[in-house]
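What follows is a set of structures for review.
The two complexes that follow have chain A in common; it is paired with chain B in the first and with chain C in the second.
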Partner chain A sequence: MFVKLSNLDLKDNGEIAEKGAPKLCMRALPGEGAERSCAFDGARVVLMPITDAAHVIHGPIACAGNSWDNRGARSSGSQLFRRGLTTDLRENDVIYGGEEKLRQALHEIAGKHKPKAIFVYNTCVSSLIGENLDLVCRQAQTALSIPVIPVNAPGFLGDKNIGNRIAGDVLLQYVIGRELEPSIPYAKNLHAINLIGEYNIAGDLWGVLPELKNLGIILQTAITGDAKFDDLRSAHRASLNVLVCSKSLTNLARHMQLRWGIPFIDASFYGVEETSNALLNIAKALGDPELLRRTRQYVKEREIFTRAQLASHKKKLAGKTAILFTGGIKTWSMVSTLKELGIQVLAGGTQNSTPEDFLRMKAMMDPAAHIIEDTSADGFLRLIKDKKPDLIVAGGKTKYLAYKTRTPFLDINHGRKLPYAGYQGMITFAQAVTRTVFSPVWDLLKHPFAGERGSSYE
Partner chain B sequence: MSPANTVAEWINTKDYHTLNFERKDLVINPAKACQPLGAMLCALGVEGCLPFVHGSQGCAAYFRNNLSRHYREPVSAVSDSMTEDGAVFGGQRNLIEGLQNAHTLYKPKMIAVFTSCMAEVIGDDISAYVDKARQEEAIPMDFPVALAHTPSFKGSHITGYDNMLKGFIQSLAKPRDEKNLNNRLYVVPGFDPYPANLREIKRLLEKIGVQYTLLSDYSDVVDSPNNGTFQMYPGGTPLPEVIEALNAAGFLFLQSYSTTATRKYLQNKEKIPTESVPMPIGISNTDRFLTKVAEMTGKPIPEDIEAERGRAVDAATDAHPYIHGKRFALFGDPDVLLGVVSFLLDMGGVPVHIISSNGTPIFRKEMEGLLKTSPYGQSATVHVGKDLWHLRSLLMNDPVDLLIGDSHGKYAARDAGIPLVRIGFPITDRVNLHRSPIIGYEGTLNLITMIANTLLEEKDRNADTAHFELLR
Partner chain C sequence: MSNTRHYGGNPQKNSPALGATLAYMGINGLLAMLHGSQGCSTFIRLQLSRHFKEPIPLNSTALLEDSAIFGGWDHLKQGIVKSIDKFRPQIIGVMSTGLTETYGDDMESALAELRLERPDLEDFPVVLSRTPDYTGSMQEGYQQTVSSLLATLLKSSAARTIHSSSQSTLPAIALFPGVHLSPGDVAELKEIVSLFGFQPLVVPDLSTSLDGHTELEPVPVVQGGTTLTEILQLPYCKAAFSFGLSMNKVGQYFQEKYQVPHLNLPSLTGVAATDTLVLALADLAEKPVPAKLQHQRSQLLDTYADYHDQIGGKQIALALETDLLYSLATALLEVGAEITTALGATEQEMKRFPPTIPVQVGDLEDLEEQADGSNLIIANSNGRQAASALRLPHLRAGLPVFDRAGENLKVWTGYRGTRQFLVDVLNTMAS
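Then we have the complex of A and B:
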């Protein structure tokens, strides 16, 4: 019933023994913390941005109640994907089974909300009590005449990136290449690309689209930010796959290459240099010399324009120091992004990246920079004390820890509200960094109470 | 018209409203969290206590995240990350290893173990596992561990709070010794999302001069001062006072539905004098709370508290024209709803729709009883076990002036074109609301201010030039 973990090539890049390298193990050590989310969450992250689909969680209230609409993936059209749908399994369902409840729920959703498709997420409880999700989905699909797709990624399978991969597998098995009218002969759209791992968090995708459009590059679909189900079905018509984050979806890109001959490249749209590299590499990979010539000219102009906008920020930020802790392509691309603002990365680390991303991060950092090994709260606190950075760039889980140590913090993961991708995104990012580093609250914090008990005044 | 547009309009109709209320097997936009989240909050309120989730790792990450987003504070907790092996062989190894690691790494004074679904489906005997952990010296023999079973497929976050609270007393408290009672009044706030509420209770009790223990008291844990150092255990009910809990002079509960099991246990099994009052929201309920404290302790209410009451009544008088006769919809936890509705009735506000996803039939009866006591309560319908999608239908077809509830209500409020006053858990889209009390006379004053001014803002926003006035 589950995807075989061995089929997912979890260790495809080979584990490396370097200090601080992300552990590719599938579970956290018992009792070490509660930083890592689960496979279910990983699958949600990848599939839930599909805007015109319904996403129903077959489980107890925990899974949907704690997570609905918590990602900040934005849609230009349908908002159906944001609705929190769940069968809310109760004790009686655990005893007598919840399949009938799920069947009714699927009929309710299809009949009243008219989604293009329904994704059904398995959870720890539904899988432990042996619900036959595949069968219920198959039957519902026949009865309802829309795709009803099982997502078998219960939380206990392990880390988030396992869920990411399972979601990639689900897209391959049930969505991509399954067009409504298969009679249309398969033809590739020249100059059309997919952006894999772009979830349109805070509208990132919308910062990249204008650049693509100006160059005449067509976005077939993002996988899956602001995506429509039918566009995803035609994802195989793209001429190129561009992996912008979530290396856990490398598998998806590989299989699309095998099945439809679509090559894939890595790219990051964070920072001026990386955005230019991304556009140039896309143009190169699309193999159109005229497009490449155009792109070369275009990125030159955009760089000049953007750098002019960044100049005042760079002047203020020069010499500032940062600690960076994130995942995916941002692991390394943020190093160069911060460097472009004149910020020195004192320490960098990652928990969920691939060894390749990790090595790339290491190569880009100053050789003297510290590689974060201890990613526990305690390790972080010691690091902050040692390095006294002017800024921490990381995900929401580190935010309040940073604040308690009076260290400026910028959220780079899904908790942020501003788009940082593309040239315009870099300007937004620079503004956000400046606002963060130079907020007067940090000074306020450093001055102790100066009243009558002023003996502590330093 | 595209099918999407058709659906968008159809879901606003009376027809859909009827169908929506026939919906049984699907929850849309839930307004409740799960047991272990409540257990985690309760566990944070005991001094030096590390919350420990026995179950899959994702659950614990969700709880920490959600509590962090509401309080805007770091939340320390661990999980023993059960995986497929756990499903097959049971979670014993995870729990023992987890206790050992957590004890070594984070040096807590005690650990509160509570379960998420996985452990409960496979039926782990956590009590036996903890004994085994002691025998294997994973933790010292005398290291305090409290236990609670908190599967998410039963109850909600308020049930989890209750079970953890009972777990603390059952696992840690010494047996009652009538000769050695400690003369303390144990006050249980219940699942209260406001650290400022806990501080307000303490302030009032101190003013009256009561010897008390607040159990559990997470006010300093989820709202710690910024002094430049992160503290993992910044406060909580002192552990010795938890151990002494059964020697209490009495217990006073400020919520009923989030403390049911604990109250029953103390009353029936331990025969401890136990009283319960509605959450002290509004003038009437605060009066009830203070009267009960005076009655239980024999201490008079000091004059300055009476002065506080006077100011709150004065504020109510000033604000009454803006609230009197206005129609309200409310959703949230049963105890909070009972408090806020009582407050609205005090003010002449008219509750119309009352939704409690985790409410029980007993709650509905109690709420209906409360509504009957006031001429302003006659238009209300109480819905238990319904979700925010039901609420949306109600708002679209039987409009009100204002919605009261947590941040999740913002979608329904926007669709209905009415403001949302944020009360409850979680509040993730406004800052600092948990830092002002909504209980006691001070809290009542805050509520009056929030609600009346929101209605006035709305009036200004919607006024044409002729009716846009300096005086309101």
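Then we have the complex of A and C:
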């Protein structure tokens, strides 16, 4: 019932023994205070943005209740994916089994919400009591005439990264290439690409789409930001896969290459230089000299325009320092994004990235920069105290901790409200950085108060 | 979820372990440790962080597949030892999860074994709270954990030392607030009690930990909150109050164990509810009600008069955990509103609701089905889908509230707070 670990390409990205390198998929230590989340969360991150599908969590309330509709993935159409749907397993279900409840739930959800497909997520408790998710899903699929897809990534399998990979495997196994009318002969769409790992957080995808459109590059589908289920079925018609988030979905890209001969490249749309590189590399990989010529001209113009918009921010931010902590491709692409604004990265770290992402980050940072090893709150606090950065760039989990240290903070993960991808996104990003770094509140927070007993913060 | 469905649609429930985390966040120097897989603690941290706008120090035993097979004792023991060594807390508070309760991890025995292996930790206070995800919601987990805190810490060796010095009764009042009270509510409650000349001893006290204040030195254990010393003074209090229907159990346990007279107040919102507290305190203090409170009471009554016609007959649909549901619904009834829908997250204490509140268990999908035609929805921020589908004004209450400012400081209790609640109700309906 669980996916074959060999499908997940774990081995060929073997762990590296360097300090601060992310430990791949396994073994957080009890009590160390690391904040790595779980495989279930990782699978959901990848699949949940599919807008017209129902996402049903087969487990007790902790898995759905604390976290539904809490990511910033946006949709231009159906809002069904934002519904929190769960079998909400109770004590009696744990004792007598929850398969029948799940079966009825699937029928009711299909009847009421009319999803294009249903993803059913296994959790720690449902796997532990031995629920046969595959069977229930298969039977429901027959009865309901829509795809009902089991996602076997219970939390205890490991961290988020392994869950991402399992989700990639689920897409391969159940979705991509399974078009409704298979009689249509398979043909590749020229100049069509998939953006793998683009979840349209805060509308990031919408910042990239106009650039693609202007160049005549077609988005086959994002996997899975703002994607409809039927779009994903046809993902195999793309001519190129572009991995834009973590390499944790490399397994998906690699298997799509094996099965449908679709080459893949990785790219980042964070920062002016990276966006240009991404567009140029896409044009190159699509193998159309005319497109490449056009792209060269286009990115030049866009760079000039964007840099002009950034100039005033860059002037203010030059010489500022930052600590960076994130995952995926942002691990390294944010280093260059911050550099473009004249901000020096003093220390960087990652938890949910692959070793390649990590090494790339290291290569881009100043050799004197610190690699964050202790990723607990405690480690952070010591680092901030030690480095006194002007800015912390990380995910929402760190936000309020950063504020307690009276340090400007920028959320670049799923909780943010603003899109940072593409040229326009970079301008938004620069504005956001300037806003927090130069906020008048920090002086007030750091200034000693005459009426206070004891010492000031610094 | 409703009786006619086999799934939860847009749940309003939070996990019991999240409630346990909140209880632990009110105890000074405590390090909270969730016995489960890492996602469990991550979701709780994120949920509470976006509600309170505060970092939430919650550690984890980081269980993996092998623990589900061989048991989680090693992870629990390692987690406790490692966090004591690394973070130097004064107390460790552990809560279990659906994962560990399903395979039946015996946390007490694991702890006993650890104390044998590490005699230096023999007296180190470790609170164990059993909060399987498949039983109850935030409210149940919170209440269960406050009970565990009292039972464990009052039995600790430090408590025995104090006992032998046989203290007399203190001019202090023990207060056990329910999870429906915000840090701002608890601060208001403490102020009311102080006005009568009593020292309030609050367990747990979120009003000094999750109230949102700048700290000189942030650390990964709870800062602010009730100190262990204060907890050990509890048995010598003059009286005890518990707040919220679900907290009656805690107060009863305390009364039986330590012979401190206890009164349960299901609500602190509304004139009648606040009167009950204020008159009880006046009795205990053998003093008249302080002028300040009398003035606040008259302000509240004046507000009732001013706006009774705007709120009278308005149909209000609520979906909240039962303690908050009871408090807000009874206050609304007091000003002449009509409760058309009252959905509790679980059925805890529903029998104590008056017949004027049509209470039943339900989620936010039920709310979406039942609230049509009413004038106002009161639910947590996740009620936004229902509110926008029905185009109804939506007053945020409960947890999580992540899309409105100032949730941790909101005061809806006491005379002053009730006035604010009424104003918030009216302004939300007007917008």
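Going forward, the second predicted complex is superposed on the first by the 445 of 458 C-alpha atoms of A that agree within 3 Å, B and C clash if a C-alpha of one lies under 4 Å from a C-alpha of the other, contacts with A are read in each partner's own complex, and residues count from 1 in each chain.
Everything below uses one rule, namely that contacts are C-beta pairs under 8 Å (C-beta built on N, C-alpha and C of every residue); 3 or more make two chains touch, one makes a residue touch a chain.
Quantities reported herein were computed from a predicted structural model and do not represent experimental measurements.
Student: Clash or fit: how do chain B and chain C relate after the overlay on chain A?
Tutor: Superposition check on chain A flags a clash between chain B and chain C.
Student: Report for A:S78: first if it touches chain B alone, second if chain C alone, otherwise both or neither.
Tutor: first
Student: Considering only touches as defined above, state whether A:A62 meets chain B (first), chain C (second), both or neither.
Tutor: Both: A:A62 reaches chain B and chain C.
Student: Where does A:K114 make contact in the superposed view: on chain B (first), on chain C (second), on both, or on neither?
Tutor: A:K114 sits against chain B, while chain C stays out of touch.
Student: Between chain B (first) and chain C (second), which does A:M364 come into contact with in this model arrangement: first, second, both, or neither?
Tutor: It touches nothing on chain B or chain C.
Student: Give one of first, second, both or neither to describe whether A:Q104 is in contact with chain B, with chain C, with both, or with none.
Tutor: Both partners, chain B and chain C.
Student: Which chain A residues come up in both lists, the one for chain B and the one for chain C?
Tutor: Residues 26-41, 56, 59-62, 64-68, 70, 83-91, 93-94, 101-102, 104-105, 108-109, 123-125, 128-129, 155-159, 376-378, 381, 396-397, 399-401, 404-406, 445, which sit in both footprints.
Student: Which of the residues in chain A come into contact with chain B in the complex?
Tutor: Against chain B, the touching part of chain A is residues 26-41, 52, 56, 59-62, 64-68, 70, 78, 83-91, 93-94, 100-102, 104-105, 108-109, 112-114, 123-125, 128-129, 155-159, 376-378, 381, 396-397, 399-401, 403-406, 445-446.
Student: Under the stated contact criterion, what part of chain A meets chain C in this complex?
Tutor: Checking each residue of chain A against chain C gives 26-41, 56, 59-70, 79, 82-91, 93-94, 101-102, 104-105, 108-109, 123-125, 128-129, 155-159, 376-378, 381, 396-397, 399-401, 404-406, 415, 445, 454-455, 457.
Student: In the complex formed with chain A, which residues of chain C make contact?
Tutor: Against chain A, chain C makes touches at 1, 5-11, 13-18, 33, 36-47, 49-50, 53-55, 57, 59-65, 67-68, 75-76, 78-83, 86-87, 97-99, 102-103, 132-135, 137, 214-216, 218-220, 364-365, 382, 385.
Student: What residues of chain B sit close enough to touch chain A in their complex?
Tutor: 3-4, 6-7, 11, 16, 19, 23-30, 32-34, 36-37, 52-53, 55-66, 68-69, 72-74, 76-84, 86-87, 93-95, 97-103, 105-106, 116-118, 121-122, 151-154, 156, 224, 226, 228-232, 389
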